[in-house]
Every structure is written in structure tokens, then in C-alpha cells.
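All remarks here apply to the structure that follows.
Should a chain be cited, it is by its letter among A, B and C, assigned in written order, with residues numbered from 1 in that chain.
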Amino acid sequence: MKLKKWQVVGFYLTNTLLAIAFLAPILWTLMTSLKPTHQILTYPPRLLPERFTLEHYRTILSVNDAEFLRYVVNSLIVTSGTIFVVIVVSSLAGYAFAYLRFPGINVFFVAILATMMVPFQSLLIPLYGFMQKIGLLNSYFGLVLMYSTFQLPFCVFMMRNSFASLPPSLRESALLDGCTEAQVFRKIYLPLSLPGFATVLVYSFMTSWNEFLMALTFNSNVKVQTLQVGLTNYYLSRYRTSWEMITTGSIITMIPVLVVFFVLQRYYVRGLTSGAVK
Amino acid sequence: MRRLSIFVLVMIMIAAVTGLAMAQTIVVWDREVQTEETVALFNEKMKAEGSSKRAEFQLVPYEQQTQLFLAALAAGNAPDVISLDIILHPYFNSLGAFLDITDRINALDYRAALPEGMLHLGEAEGRYYGIPYTVDLSGLVWNKELFREAGLDPERPPETWDELIEYAQKLTKTNDSGEVEQYGFAIVGTSAGWQMFGFMPVVWSFGGDLLNADGTEVLIDSPESIEALQMWVDLIHKYKVAPLNSATWQYSDVYNGFVTGRVAMMLSGNYNIITFKEDAPHLDFGITFIPRASDGGHASFSGGNLMAISRDTKQADLAWEFVEFAMSEDIQVEVWAKSGALPVRTDLFDNKYFAQDSRFAVFADILEVARAPYSTKYNELYAPMLTAMQRAMMGEITPEQAYKDAANEMERVLQY
Amino acid sequence: MPNLYSIQRFFSKHRTGMLFLAPAVALNLVFFIQPLIRVIQMSFYNWRVIGTNKFLGLGNYQRLVNDPLFWRALSNTVIYTLVVTPGIFLLALALALLLNRKLPGTNVFRTIYFVPVAISFVVSSLVWLWIFNELYGILNYGLSSLGLISSRISWLGSTWMARISVSLMVVWKTAGFSMMILLAGLQGVPVQVYEAASIDGASTRQRFLYVTMPMIRPTFILALMISLIGSFLAFDHFHVMTQGGPANGTLTIVMYIFRTGFEYFNLGYGSAMSIVLLVILIVLSVIQTRFLDSDNVE
């Protein structure tokens, strides 16, 4: 479909205006993180810092023998572990919900969806006791399993939709040709579900990377603390909102999420360019 | 089979070694970063003494404090030492969460320097289960620069509420279109905790109270308490010296308003001396008693933390060793006073850091009149208090009605 | 009496499906259903953390029925959900449709709309709280400098303003996420279908209603459900921005559960409220999935 010239102009105009609206609060956050502390709370508000400073970034990166790096490594381990488990488990389950249905399977579907319908705080006390009993407190593995469980509803639903949007005839003919179900799944359906995978990956990365309460509760030992928990050590002050640290910390933590999103979004367009399935 | 038995043996050895290491380690929880420093200093000291005893710190943010502590308590995995918001102690003592440390406290040579009011909150049936570790006192801060501009004596803060109203009227400025540009006074209206920390001393100065001494009877609907709230509402609606939307102003709103010079006076606490210096190095401010009713005495709320030892600890002695270290001059002065907080021991108020800033001195006197309500249902009681305050501040109902409603609700809570 | 043979046949017939499902079900049982059962159990007790718990039977549930604040919190939550969901959706759908093309720069715009998603709710609430401040907030300052408003707006000053302002923040914060889901859904629409529809003379509006909408319905419903459940469980942003005020006007159900359990220490009562909330949400989603499945061939 060819766009008319006015459509192209309209496209850029609309997007530019929207982009400004979306970015304004973030730019305000970024500018705050670049101001010296005593210039943050002023009236009238100062849009640009009088002088730009990276002191807050330096503080976060260097405090306590660069423990920040340890938090990053911990977060990376937990995040990548979760992504791996979630992708494997949710694509298998999504495929089952799309094509391998059996009577009563909806009970499992509802049980998985229900995971996101209980405020996590309510589960915290029994879960903590259980994790302690099975020795998974303060371990990467425990956190990975926990994150995976609570990310499953979205990911399973997403993968199910992704598989279901593909024509069922692909599977039927492959089965007739003698493929096993596992082969059909692996060789035909997985490669065709890239947008779904990209979405699941971004979601899982973002959720695990930013999660706070479970990480704080289950990985309290400083050796296995994740970035979000570690950063509270700098924010924390009961009496003063430490704007310089909050804004600096959020700018730092959001960057990896945005990079992942930016890189993976080409999978969203791939469907369009290849003209989808034949 | 052989391989299995070697594996089992190795596991047992690892368990034994870690077990031994564990036997010399206690876990310490707090919401304050200063305690992290304290733990580090404790470990340094132990190392220097050639001891293998260690403490391990976990920072527990204020918002998650009770969740995590309850979870750990239920799992029998409570930290050996916990520093917990003072108002929560009556409840946890009613559960029997902490170890009786009465004798250890009474044996301290600075026992007399511990604030009695705070000790009382860690007391159950005549025994002590917590020791005052940090203290926060509420007071009034005023912007001297704005006092000067308004033609007021910058060194003479209001002594009574009548004076505060008079000053605040001079300090409230309106622009050409009739909008208030600068408020004489600002009120934190959103947080329940602030209604207690900031407003309860107002009620006390009028002779009112929240509860009777043992927390069994509600007194918030007494004429004195209602008079205090009436004065509070008048600041907003009658004298118009505080923001019309005070009910929705958060602490950060009031704080930022003060720092940017748009609010001339606010209720606050000792900790602001240090935060103002950081956020606004040129701000010229003073801090003093919260004003009193013309026929009443000054009052203040003593917040802060008590430190307690878990009932389940296997290392009570090491835990107490840490507590004593945290209470020592090295920590109370060199960590707490240095960071701008108050030392909890009155014998340490006279220290080199406070000598550098005369504004700290008044808190020794404020501590004398400071107190906190004792109730195992404190948090649940202050929820109706907040609703009442907000509805009265918004002008939805009269102060009298507000506190009558609150009292009904509180009585219901006490019955449960 | 169950027929062993038919059970065996059932298992062997659906063995593959069960194997595919097994890992997900295992995680779900161990880390969710198992603690959930404990929560259900707690809801029948005056649960005291340590020491003896007192069995109350349905006491906590009776208390809930007669608790005006519970109903207030529930209705606040429903109102908020009804305000915020259309906001998120209209914007997200518009963004997804706008960006589902191949023009230079599309990638950058997509990432920009996703930026707010990448920061936490707590931080964005703090930042917006600051932006919204009546007296010295940048929003009032900006609007009045531009001459758009003559008097300051009190963005969080009344129940309705607070609801709308918080919703505004949430729309900004989450629209990019729903956009991402919808974009993935739009990929399922083969280009040929559009072309065929165009050749048949369908207008843009017709193409959207009769081609795009039906084909992205599953993802649309997923995005809707995520956003509905998310709004029902709203906690952080209200906790930070309004703390439930003024006068409980924005107290959400999860805030009330949180306070009941961890501030008032009525863990049994809090558990009972969680269970009721869970039941409400399950009923809502079952209705939604039915709606979704009605079109899918079993």
C-alpha cells in the first residue's frame, strides 16, 4: 500500500507531537539526574541544569568498591535465567493450549491466569515459609522459578495467541507427512512465531529486571541482591526524597530495557515485510 | 554407592563448616543506612580483636518493614537483632516476638540517660523488650529570610498558636490575580503517620489526647481535642494561611514548598536540619518547639526506633554485644550525630557535631516533653484519625463531627 | 465408580498435550496454588503469625460483607478501572495502528512510546507527583507561562481530579506496553488480506472494522485483560501519589488489603479479602475468555 504525501507528513507530525508528550516527563527525570543536588528543588523550576554534572552517576557506580557491578551481574543472572525458563515453558504450554487441547484443559488455563489476580503481598508470608523450607532463600534459582511462575500467565497467553494465529493446516499436513508433534512444534511453529517471542522476551526482561518486592523478600543477602534492591541503598532516606539518586537510578536501569526493546522490534516488522505465511 | 557416600560426607562437612561460621554471625535488620555503617564498624572492631564474630546487615525499606518481619517471624527465621519503628513494638510484644532484656538494660551505666517515654513503648507487663536506639522529635521550622521580609523578628519564632496565626497572616502573600504565592504555614494532610507525628502534639498542647494511658479508652472526641482540630481547620479556611487543599498535601509537597521559599513555616523534625543543608545550602532557617495553646504546655512526638533481640535467636549474647556497640558513644555520636540525627542517649547531646550548629540544642529540651501513644492497634487507630482530619480540613464536616466519627470507629477497632 | 480403562485411554490419547503442559502446571502448582491454599486456610482464622490462631469459620467473610470501607475500596477500584482502561486502549490502539508501517524512523518512535514502560511505577509516580504539585509543580508553571490557564489547577485536590490525574499518569506509563502487544497481534494479519479487501473496494474504516479488528481480537483481549487486571490490582501509584486520599476517595482494594494485613496486622481478614478479589477477577476473566473462545474452533 502506497501512502499519499499528506499521509506521510501527517505521520511524522503526529508522531513528533506524541513523542514530545511521552518524553517530557522522562527528560525532566534525566535533567534532574544531571543537576547538582541543591539545584533540584527550585522555584521557578529550572528546566536545564545551571551546570551539568555526572556526580550522581559517579556516586552510584563507585560507592562501596563498585558494588553496583555486583548488583548488575546478579540481575543479569536472574533475568536471563528467567527468560530462558519462561520461553521454554510458555511456548510448550501455549502450543498445548492452541492445538493439543483435551477436556478439562481450561482448568489449567484459569489456574495459570489466576497467578496475576492475587495481590502478591497476600502470598508473601506462605511463600517465604515455603522457600525457606526447600532451601531456596537467597539463591538465584529460587528467584528464577518464582519470577517464571508469575510471568507465565502473560507469556502463555501470548504464545497461545501467537500459535493460534498460524493456520492449523500447517500442522495437519506435517503430521500427515509423518512428523511427530515435537517436530511440528520445533521446526514449523516456533520459527513462525517470532513476534510472539519478541514480545515475551521483552516482557520477561523488563519484568524481571525491574521487580522489587520478591527480590527484596527472597534474596535479602547482599551477595545475591539484584539491582532494584541494591539501588534502594542509595535512595533510602525516610525524611528526604533523594531525587538525585532516584532519577539517576531509574535512568540507569531503564537503558537495558530500552535497548532490548529497540533491538527486538524488528521482529515485529518482519511479518509485514515477508508477507506473512503462504 | 561409594560415590554417594562421599557426596553425603562432603555435604555434611560443608554444612558443619557453614554451621560453625553461622554460629558466630548475627543478622541485623534496619530501615536506616546508618546502621549499615554501624554493622561495618562492628565487624571491623571484631576483626581487630581477632574475634570471628560477625554481624550481617540487611536494609529493610520502611514500606516493606512489617511484611518482611512478619514473613520471617512466621517462618521462624527472624533476624537476631531488629531495629523497628517504636510505635510497632506494643503489637510485636503482644505476640511475644522479642527477648526480655530488662536486666541487661538496667545494668547499663547510662541507664538514666535513656528516655523513659521511649522505653515505655518497648515495655510489656513491667519488662523491657526493646531499647531506644534512634529518636526523631517533631518541632516547628521557620524561614528567617521570609520573616525578615515580612517585618518580623527572625530570631523570635511563634510561641503560641495565636502568635503563629498572627505571623502566618503577615507571611502569606497573594499575587495580582488573587492567588496565594506564599503560604505562612503548610500542613501535611495525606499521611496517617504525619497526623500523629505532627498533629498529635498540637492536640496534647490543648490538653486533649488520642487514648488514655493504657490504650483502652478513646479520648479523641474530648472538647480539648476538638478545639485543637478547630484551630487547625481555621488555619486553612478562616485565616487562609495554609493551602486550601491541605488535605492532599504530602510531606514532600510541604517540604519542597519550604525549601523553595513558598512556605514560611511548617511542622517538621530534627532531621530537617541536615536535609535542608543538602537541598538548600543558602536557606536561613530556625527550628524550635511546636507552638502551644495559650493556656497549655509544649509537646512533641517521640518517634524513632527501638532495637530488639529476637526471641528465637540462638546468640543472645552476641546480639546484645552488638546492641551495646550500637548504643556506644562511638556510634551514637560518630555515626548518628555526625549524620545530623539525634543521639538517643541524653548524656551524648553535648557533642562536637552539635557544637557546630546551635540549632540542635533545643532538642534536648524538646525531648523532655516528647511522648508517643501506646497501643497494640496503633496503625489501625490512626486510619480513622486520618479520614477525620482530611474531611475536616476539606470542610466537609465540622471538627466536632469528624472526631465523633473517628472516636466511634476507634472504639469499634478496640473491640475487635 | 470410575472406569480405570477409560481414564487410561484418556491419558494415552492426550499424553502429548499433557507433556507439553506439564512444566507450566508444575511451576503453577508449587509456587502459586500451594501458597494460595495456605492463604485460603488463613482466611478462616484470626491468624497471629506466631502462637495459636483462632478459628473463626466464615467470620472474616462476614466481617467483609459488613465493612463499608471494603465496599468503598472496591467501588473506587472499579471506577478507576473504568476510567483508565479506555484511556490506555484508545491510545495504545492508535499508536499500534500508526506505527504498523514501514517508514523510516518508525523504530525510533516505537521505542519512544515504550520508554515510560521501562521505569517502575514507584518512580514514575514520584516524578508525576512532583510535576503535578499545585504550587511549584512544572505542569502548572508551564501551563500558566504559556497562558493556557489563568489559575493554578489542583491536580490531586479532589477525589475526581485525583482519579483523573493518576489515570493520566498510568495511561502515559502503560500505553506503550499495550501497543507492543497489539503490534505483535497486527503481525498476524497477512498483508494479502488487506490488499484483497482494498481491491474489493473496502474503505479504511471498513478494513479496520472487518479485517483488522477480528484478526487481532485475541491479542486485543489479552491486552485488555492485562490492563483490566492491572487496574484492579492498582497499588503502587495510588500508594505513592494519593495514599488513598482525600478521605479514602482513592483507596484501592489492594491498598486496603495491604493495610489490613501489614499495617493493622489482621492477616486472616486480609487473606479473606484477597480470596474474594481473586474470585471476582476469575469470574471476569472467564467471561472474557469465553468471549474469546466463542470464535475459535475447538
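Just so we're on the same page, a contact is a pair of C-beta atoms (placed from the backbone, for glycine too) under 8 Å apart; a residue touches a chain by one contact, two chains touch by 3 or more.
Quantities reported herein were computed from a predicted structural model and do not represent experimental measurements.
*Asks:* Compare the CA centroid of subunit C with every other chain's and tell me the farthest one.
*Replies:* With centres defined by C-alpha atoms, farthest from subunit C sits B.
*Asks:* Could you find the two chains linked by the most C-beta contact pairs?
*Replies:* Top of the contact-pair ranking: A-C.
*Asks:* Using mean CA coordinates as chain centres, what's the subunit A-subunit C distance in Å?
*Replies:* Spacing between the chain centres: roughly 16 Å.
*Asks:* Averaged over CA atoms, how far is the centre of subunit B from the centre of subunit C? Could you give it in whole Å?
*Replies:* Inter-chain centre distance comes to 35 Å.
*Asks:* Send over the residues of subunit A in touch with two or more other chains.
*Replies:* 43, 121, 125, 241
*Asks:* When you check subunit B against every other chain, which residues touch at least two of them?
*Replies:* 67, 70, 74, 252, 256, 260, 262
*Asks:* Subunit C: which residues touch two or more other chains?
*Replies:* 49, 130, 136, 261-262, 267
*Asks:* If we count contacts the way the header does, which residues on subunit B are in touch with subunit A in the complex?
*Replies:* It comes out as residues 31-33, 36, 56-62, 64, 67-68, 70-72, 74-75, 77, 252, 255-256, 259-262, 269, 271-272, 275, 278-281.
*Asks:* Mind listing the subunit A positions that touch subunit C in their complex?
*Replies:* So the residues of subunit A touching subunit C come out as 1, 3, 8, 11-12, 14-15, 18-19, 21-23, 25-26, 28-29, 43-45, 88-90, 92-93, 95-97, 100-103, 105-106, 108-119, 121-123, 125-127, 130, 145-146, 148-150, 152, 154, 156-158, 161-162, 164-165, 181, 185, 195-196, 198-199, 202-203, 206, 210, 212, 228, 241, 243, 246-247, 249-250, 253-254, 257-258, 261-262, 265-266, 268-273, 275-277.
*Asks:* Report the residues of subunit B in contact with subunit C in the complex, numbered from low to high.
*Replies:* Those residues of subunit B that touch subunit C are 63, 66-67, 70, 73-74, 91, 95-97, 177, 179, 183, 189-191, 243-245, 247-248, 250, 252-253, 256-257, 260, 262, 377, 379-380, 383, 386-387, 390-391, 394, 396, 416.
*Asks:* Which residues, counting only subunit A, touch subunit B once they are in their complex?
*Replies:* Touch list, subunit A to subunit B: 37-38, 40-43, 121, 124-125, 128-129, 132-133, 137, 213, 216-217, 220-222, 232-233, 236-241.
*Asks:* Report the residues of subunit C in contact with subunit B in the complex, numbered from low to high.
*Replies:* 48-51, 129-130, 133-136, 150-152, 154, 156-157, 162, 239, 242-243, 245-248, 259, 261-267
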